Every structure is written in C-alpha cells, then in structure tokens.
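Quick heads-up: structures coming right below.
Consider the two complexes below, in which chain A is the common component and chain B and chain C are the respective partners.
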Partner chain A sequence: MTRPTSLLALTRRGLSHASSPRAALSLAPRTHLRQPKPQSQIHTTTTTTTTNPRQNNLTITSRTTPSRPNRLSPSTRTYHSDHHPTQPHDYTNSQTTILSAALHHVPTHGFSRNALTLGARDAGFLDVSVQLLPRGEFDLILFWLASRRGLLRSKVESDGLFSAGPVLSVDDKIQILLMERLRMNAEVKDQWQDALAVMSLGENIPLSLSELHALADDILNLAGDKSVDASWYSKRMAVAAVYAASDFVMTRDTSAGLRETEEFVARRWADARAVGDKLTGVRECLGFMGSTAVGLGRSWGLKI
Partner chain B sequence: MSSRSLWRSLQTQTRRRLAMPETPYRCFSCTRQAQAQPPKPTADEERFTHFGFQNVPESQKESMVKTVFSSVASSYDVMNDMMSLGIHRLWKDHFVRSLNPGSALPSRDHDTAGRGWNILDIAGGTGDIAFRMLDHATNINHDAATRVTIADINPDMLAEGKKRSIQTPYYNTNRLAFLEGNAQSMPSIPSNSVDLYTVVFGIRNFTDKQAALNEAFRVLKPGGVFACMEFSKVDNALFNAVYKQWSFSAIPLIGQLVAGDRESYQYLVESIEQFPSQEEFRGMIQKAGFLIPGRGFENLTGGIAAIHKGIKPLN
Partner chain C sequence: MLARTSLAASFRPTAATTIPVVLDFLAPSTLQQSRRLYHSTTTTNHSAAPSAPSPPSPTDHHGARKPRYALTAKQREFLDSALRVNQAGELAATLIYTAQTPQVVRSHPHLRPLMKHMYDQEVGHFNTFNQLIAKHRVRPTAMYPVWYAAATFLGWSTGVLGREAAMACTEAVETEIGSHYNDQVREILSWKAEAERRGEELDPELEEMLANFRRIRDEELEHLDHAVENDAKEAKPYDPLVNFIRYGCKAAIKISEKV
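Up next, the complex of A and B:
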C-alpha cells in the first residue's frame, strides 16, 4: 500500500520540477503516472521517498506556486463559497498595474489602445509593453467589469449598502445592487456605448457573457438568494437580462441621479417577477390538470 | 535400448545447449545495466547540434547555415511565395499589425521614454519585416521617429536587403540601419537599449537558441518586447499529414526547379521539423526571464507558424 503512494509522490515531485507549465499544473494523478518518466530517476528516488513520509506535503506546496495568468489556473470553481471568495480577476501584477493606470485615462480616451498606452507610460512601462495584454482594449473592458464587480462585493461586505433603513427583502436588495452597479458605469457613460460595441464583437461574446453571468451570480448571492432548484437558472437569466437592458438605457439617461434608469430597472424587475408568477401559475395549473387526469384514469380502472 | 540411446543423445544435446555461451544475457535485473547512462563525453570532445536531420559539430553549423542562405538569397521572395502559396505575406502583415509599432500618442512632459521606438530586427536580412514596421509606424501611427536596425549573420542576405531599401523612402535615412552580427552575442548593441526585438523565421537556424534569447533579454529595455514568428507544430493530425506531405515532397522539388538548389530547401524543411513545439519554446522564453502574456503564443494557419511574445519585466 505504501509503494504506489510513494511512486505517485515522486512522479508528482518530478513533474513539479519540470519547466513546462502545463505539466506542472495538471492535477489528476493518473495522468502523472501515464507520463513517461526516465527510468533511472524512479530507481534512484524510490528509496528516499519511502523513508520520508513528508515528501507528499512538500510536493503539494511546490505545485501551487506558479502564478500563471487566466485559463490555465487549476482552481477554477463554479460555485460560491463564503469562506473562500473567488478573485474578481486573474491578471498578473504587471498587467494589473498597467490596467489600473489605464482606467484613469478612460474618461478622456475611452476604452481604447491609447488609454492602455498612456496607462503603460504612467506605470513606467514602454509603449510597446501593451503587448502584455493580448486582447488589447477588450482586456481593459474586462478589467473594468471585473474590478467594478469586486467593488460591489466589497461595498456590501463592508455593510455600506444595506445597513441603513429597515430589513430589506431579496427583491429589494437585487434592485439596489443593480442600481449600484449601474451607477458605477455612469462615470464612463460617454464611453460605455463603444465598450458595449466591442463586447458584442463575435470573438468577444463568450467572455462578455461569462462576465455578465458572474455579475448576475454575484448580485443574487449578495442579495441573499439561496435557491437551489430550477429557479437558480431563471433568476440569473432574469437579473442578467434586466442588467443588460438597463445598461443601454443608462448610456442615454440624462436625468439627474439616473432617475430614469432607476424607474426602468423597477419596471423591468416587476415585469420579470410577473413573468415568473405567470410561469408558476401555468405550471401549477398543468400539474393540477395532470393529477386530475391520472385520478380520472384510475377511477376508470386504468393501472397508472 | 534404442530409447536409452535416444535419451542419452537428448541429454547430451541439452547439456551442450546449456554449455553454449549466452552472450546477450537477458534477465530483468539487467535492464538497469542496459539503461545506465552512456559515459558522458569529455570536455575536449566537440558538442554536436542539429543541422536539419544531420548532427554536425556546433562550430560548423554557423558556416553551413551561411552557405544555405547565401545560395537562396537572390530567389528568396519567389521561393517563399511558392512554398507558402503567398500566405507568408499575410502572416508577416498580421505579425506587424499585432505589434502596432510606432507611438501614436505624442510624448508628454513627464514621459521618460523618448519619441519613437528603437526596433531591432534579427535575421531580417531582406528587410521584409523592417520595411513593414517602418511603413506601419509612418502611415498608421504617424510616427516618423521609429527606427529599425536590421541585423543578420549573412552578408549576402543583408546585401539583398540593402538593394531593396533603395526602393523605400527610408533609404539613407537614420531610420534604417544594417548590422552584420551573430544574434548569440551582439557586443555592439548596448544593454537596455531596444524597445522591440523581432526575429521572424530565423531563430530555428541559430546554433544556440537559449543564448540568443538571453542576449535578447540583455539588449531589451525593461518593459521591452521580444516577438518571434517561427514555423511550429500543427495541432490537427489530418492537416498535419497533408502539411508534412507538402513540405517533404513538394518544397525540395520546387527548390530544385525554381532556385536550382534542392539541398538548401531539404535543410529548410528538416530544420522546421527539428524546431521545438510551441509549449517547449515558450518554456525557453520564460527561462530567459521574460514575462509571458496570456497563453504566450498564437498559432497561424493551424500551427504551421506561431507568434511567440515575451516582455522583459521592470526589475
């Protein structure tokens, strides 16, 4: 029993030494064993690992060190945990420096390469260093979305949003959060239509949608929604749809304090609720008719 | 009686067989012996490197590559067009467009970097990439201060580039310079002086690629970019079969018919085959100290070529 585990440990250790990041990051132990390893290494290290039971711990810590940007990260999680909040974005330090500096130039230059270049200059980089961001201006937009989402979360967690006033229902909280998020976009209102256009380009749609889902997910979680049935999907769809529609309204809203957008959000959310109620009604009605039909069939002697 | 004699003869036979010397002694305990590393070559023995599929001493590779490119210099463009069906022009345009050379924004008062980029184009003898970058900087970004130094190890390729530069507006200006030198050590170029280092379809011919990467790291300014376009590995098995068929049978034939030089183009396809895969080469760039943006490489035409990028970190 000890032998296979020690072998596993040493193959892991062998891989953590490998410079190839893909090899270092793959987690499933079976793929490790399948990797061809030089025989000599196995022979030489078997003795040491069997005598050293702490080897396994060491290998695990060494595997978590590489700071690899996006999509290769093994820690992608599809659910929320209150104890281990997910990072709002996964850019490297240099990327974050350039992007945060570039955000200061967005009100004047828009979500453009020029803003990125100026950000890079401010951060002490060269013009050419914007190559760090392979998606160019879309990276800037994604960073804006992700960082504002993080800001929304921190606002709620520091109790700045819901502390005043009476106890709020989940629906009220959702509306407040939607408005709060829309107000954050107001400072780049004049540039936001361009950003929406970039987000709707074919190659950018998947990432834009996943960011929209992340926002809807965050809003529902922060509002305290704990549904675990099919309404999990419908609620997220509803929040995402209302947010996306209101985003467009916001860019054309000239009223003081975004009053028109606020009314729009209230109306749309009421609509969404109404549709939800109707669907529930239809489902109940169908369920009742179905059970009546079954009962009728049984009373006629059918073996249902 | 007969059975006894038969028995005896059998016995002697078996005994004889046992007595036979068993030269290739096979048993499991011997696999370790068989797999034991061969004795390491001593220091005074010469190190070998790839030249296509052949192994040649490191000292000779440089001159052999030189011969190849001297012989193809004059027909370089025609051959590239025929071998890649003109696609190499699209790749090069895409490469330059994605790098976006030239500062579009005017320099502000507190900006430390001077106006214009200092670009070093390694193995760019014929000026293919250099002229494209200068055109992009001038016409797209309206930046007339960006300058390119074309470096090549081969004087024949450089002569071809100089000949072509006469047709461009950059001829005899300070925006274009030529330099004959080995990319593995360029003492004439000071450290931390280059904004953008490009090497397009050149690095696979280098004797020591890691040394060239280290040298690139040295000459680049902090924040400077290393960009490389090179033939790479095709990721689709079906497409790979077609591509291999084309490169190993058609390309040497075209070389023979058009340039009258089969061996040089045989070397070309073999050197492509020997070049490391996208992931391995990314590892080499990282090893030199560069930051890797995103995935680190971009495949072109299914991975026939790939663009690799690395950024020198700020201290």
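Up next, the complex of A and C:
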C-alpha cells in the first residue's frame, strides 16, 4: 500500500531539515515499546544521503495507526509498583520523537499543526508523518502536559526537590509542587490560552480531565499524601480545581517570578483547607451527638 | 496421610496456640477443626488447596536471580480492583464488629474476649490493606461513605436481633469473604505458575501480598468457625437472614470492583 503523497513529499523536499533531534527534553524515547506495524515502508537512504542514523529505519504508518491510545494512558490509573514502572504517556517511539522536537517550536508557533510539521522535519521525518498523531495539535498539548508531569516527578525523585532544606508538611509540599508545575507552563505563557481553548473543546474534554486528574494524583502522591478513604476524592478535586484556576491566572500574570500567581495559589489552597476543616468539624460534631444519644439510650436500659 | 498433613498445616488457623507448629496436626481436635473449616466454605476451596504450597522464603531467590515476571495491563487492573474490594471489605468488617459488640457483650459477657479477638484481627487486616492501597496508589472505592453507613447498620441491626443473628451475620459475611480471598489467591498462584513455566519469578511485593492474602483468608475462615460454634445456625429466620447478607456482600464486592 504505497502512499503517493508520501513519495511526492519525499522527492520534492528531499529531507532538507536533517538536524538531529535535540535531547533537551526529559523524556527519552522509549526503546522497549512495540512499534506500530508498518504498512508502507520507505527507506530514505535510497533517495538522499543522510547523516542521521535514525533515518535509515524510518517507518511511516498510515492514518489508522493501530497503537492509537483510546485513553491517555490506562496504566497510569491502576496498580503502581516500583517493580513494574509506568510511563507518563503511551506514545510510541516515533511519536515521542516528533512531539519532543515539535515542543521546541511551540514558543514561536504555538500548539499548532505548524509546530508539529516543523518538529517532524527537525527529527528527520517526512511532513506526512504528522499523520502518526491523529489528534493533531491536541496530541501536542497532551504530550506537553504528560511530559511536564513526568518532569515534575523526576524533579522530586531524581533532583531531590524536598530532600534538601527543612521538613515540610504535606500542604506546603502541595503548594510547592503546584507552583513548580505552573512555572513550567510559564515557558509557553503566550500560547497557553490557545491551548486551554483547544482543551475545552467538547471532544477533548474527557482526555483533558483525565490528564488533570493524573496531575492532581501525582502531586498528592509526590507530596506524600496517604489518604485511603473518601478524602482521596475531595483532595484530588481540590488540587485539580486550584491548579485549573491558577493556570488561568498564570497566563495573565506579568509580575516578576510569577509572584501574583504564587499568592493566588496560597489563597486558594487556604480556602480549600478552610472548607475541608469545616466539613470535618460538622461531621465530627454529628458523630459525637449520635454516639451520645446511643450511649444515653443504653444507660436507660434500651436494647440498642 | 502426607497429603492430609500438608493440608492441615496449610489451613491451620493462626489463632494463638501454644502447641508447636510441627506437631499441630497430630492433635485430633485441631485436625478435626481444620477439616471442618476446609469443608465449611464453598467448593472453590478444593481446587486452590492442593496447589497451595507454603510460600517460599525470600532467601530462595537470592542464589540465582531470575528475570522478573512482568504484569500485563489486565493483571494490574485485577490487582487494582482486588485491593480496592479488600479494603472496602475490611472496613465493613471492622464496622460490623464495632456495632455488634456492645449489644452482644451486654447479654453474653463471656463473648467479650472472642469479639475483641475477631475485632483486633479485622483492624489488622484493614491496616494492611490501607498500607497496600497507599503504597500502590490504588483508588479507594467511591462508595466508601455508603459502605460505612451500610456496615454500621448491618452490625447494629443484627446485634439487636441477638447473639445468634449476630453470629449468623458473621458466618454469612465470612463465607463470602473467604471464598473471595480464595479466588484472589488462586489468581495470583496462576501467575506464579505461569512465571515458573517461563523461568521467571514474581516480585517480592507480590509474594508478600500472596502470603498476606493467605493469612487473612485463614483468619477470616477461623471467624466463620467461631460463629458456627456460637450457634449461628440457631438464628431464627436463618435462611432469609443469611441469604440476604450473602447476596448483599456479593453485590457490594461487584460494585467495589468497579467504582
């Protein structure tokens, strides 16, 4: 099944942009992953001399790639174990390469098809290989979110964000992690409102919320939260709500070092805590009254 | 005889006993008890028991390092829902005993040590699963407040009905829970068999989990035994009561697996 468009693009352009992909991104391409089954294979060595060894086994799949993940990454939701590590995203090797290269064009070109195409060229892929990413620019946004989430984890686990300095409470750690994550978005601050608009499109909302949940889950896990009851849900909702609100504030923040955003996060988190404390107090009060009533009844000889 | 002794040893309840472990099965009363315990659960026990050798000590593995058995996505999901269900179940069990104890002990003070013993074991199980859930980042069940209220009501209402009803409640719950744990043990053992076929080994966390599941299953079945000893079968509308609780447990397990 040879695709005429890809051949055309190949001869017309001749892979002029053959710079090697920069390794500035934290996520190295996964080598152990299954490659999508190639339906048409083009060896670029037949048409042009190349200095990039990756191009020798360049494969291009058609639009219906079998490996397209339905959910963002089902493995991030289930059982975690040090013996069975999980990846922050489910993109394949070539997808990760294109997306990583495309992220360098985001500050100038935004989260757009244009950035994807330029990234594909940088990585030594053909223009058509953007088809590897069926969701287009939304894939770029999702990859940004997932890779920044992985970066946040490595900041704590590898760089020791909390290991130096005084012992912090879980609440302090949550605020620090929220700010760390928001500072990463500051790199693309001017493009971020567009990205938020794309995320809020109807068909993209489920995956966006799934990614937001994954971020809240990671932040609470990294902060050392060990809740195993209904507060598991309320805490994740609180973190997600604070992050989403602060994300908007960050795009309009012009202060040095995102100071206004930092104050906003602190205020919102204090609010969330106040609500939580109030609810806990009400519940404890009701429980106390209930047990008092039962104890009183028993002391009167009722068989309750 | 060999099969019987190994069977008795593997199913011996871990209640506080001063008899040395090796000679345990020689005592007729213990043997009888463990046999009854073995028969008192559903038939699912039969297939699991012969394939249940005692878990190997971790020192076995340090000699030659085998490759680790990698979990598939489906197996991860199984562990995810299994841990979620187990935590919810142990939460309910502690609450049931908490609610039952005052009424049962009030009219039958001699049951106080037994109720305390069973309650303490359930608290131990609950803590085990809380730790596992936090460690493996498993989502706790969204029905947590519902199970909290339902279990408290179940314990309280059976406590009001009297000692026999309370024991019948324990019997019904532990029958379901015991067979449920048994299913999980069998599933993990099947992974272990598959790993051995491939020349791999389970990671130590899974081995520990398997040992924990077995221990907890045996303790739950021991509670079942205590309940039957204390006239659970004398509960007045026995069949409706037990069936209602058993189907309730089954439904709760199914729901907690998903949400």
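Note that the second predicted complex is superposed on the first by the 206 of 304 C-alpha atoms of A that agree within 3 Å, B and C clash if a C-alpha of one lies under 4 Å from a C-alpha of the other, contacts with A are read in each partner's own complex, and residues count from 1 in each chain.
Just so it is clear, a contact is a pair of C-beta atoms (placed from the backbone, for glycine too) under 8 Å apart; a residue touches a chain by one contact, two chains touch by 3 or more.
Treat the numbers as computed from the prediction; the structure is a model and nothing was measured.
Trainee: More chain A residues touched by chain B or by chain C?
Mentor: When the residues of chain A touched by each partner are counted, B comes out ahead.
Trainee: After the superposition on A, what does A:92 contact: first (chain B), second (chain C), both or neither?
Mentor: first
Trainee: Is A:217 in contact with chain B, with chain C, with both, or with neither (first, second, both, neither)?
Mentor: After superposing on A, A:217 lies in contact with chain C but is clear of chain B.
Trainee: With the two structures laid over each other on chain A, which partner does A:114 touch: chain B (first), chain C (second), both, or neither?
Mentor: first
Trainee: For A:125, is the partner it touches chain B (first), chain C (second), both, or none of the two (neither)?
Mentor: In the superposition, A:125 contacts chain B only.
Trainee: With both complexes overlaid on chain A, does A:133 touch chain B (first), chain C (second), both or neither?
Mentor: first
Trainee: For A:162, decide between first (touching chain B), second (touching chain C), both and neither.
Mentor: So A:162 meets neither chain B nor chain C here.
Trainee: Find the residues of chain A that appear in the contact set with chain B and again in the contact set with chain C.
Mentor: Chain A residues touching both partners: none found.
Trainee: Note which residues of chain B are touching chain A in the complex, please.
Mentor: Contact set of chain B toward chain A: 31-32, 35-37, 99-101, 103-105, 108, 111-113, 117, 195-196, 221, 223-225, 227, 279-280, 283, 286-287, 291, 293-295, 298, 309, 311, 313-314.
Trainee: Give every residue of chain C touching chain A within the complex, in rising order.
Mentor: Checking each residue of chain C against chain A gives 68, 70-71, 73, 76-77, 79-80, 83, 87, 102-103, 106, 130, 133-134, 136-140, 142, 144-145, 156, 160, 203-206.
Trainee: Could you please specify the touching residues of chain A with respect to chain C in the complex?
Mentor: 74-75, 77-84, 217, 221, 226-230, 232-233, 298, 303-304
Trainee: For a test of understanding, state which residues of chain A touch chain B in their complex under the given definition.
Mentor: 19-22, 39-40, 43, 69-72, 92, 94-95, 113-114, 117-118, 120-121, 124-129, 131-135
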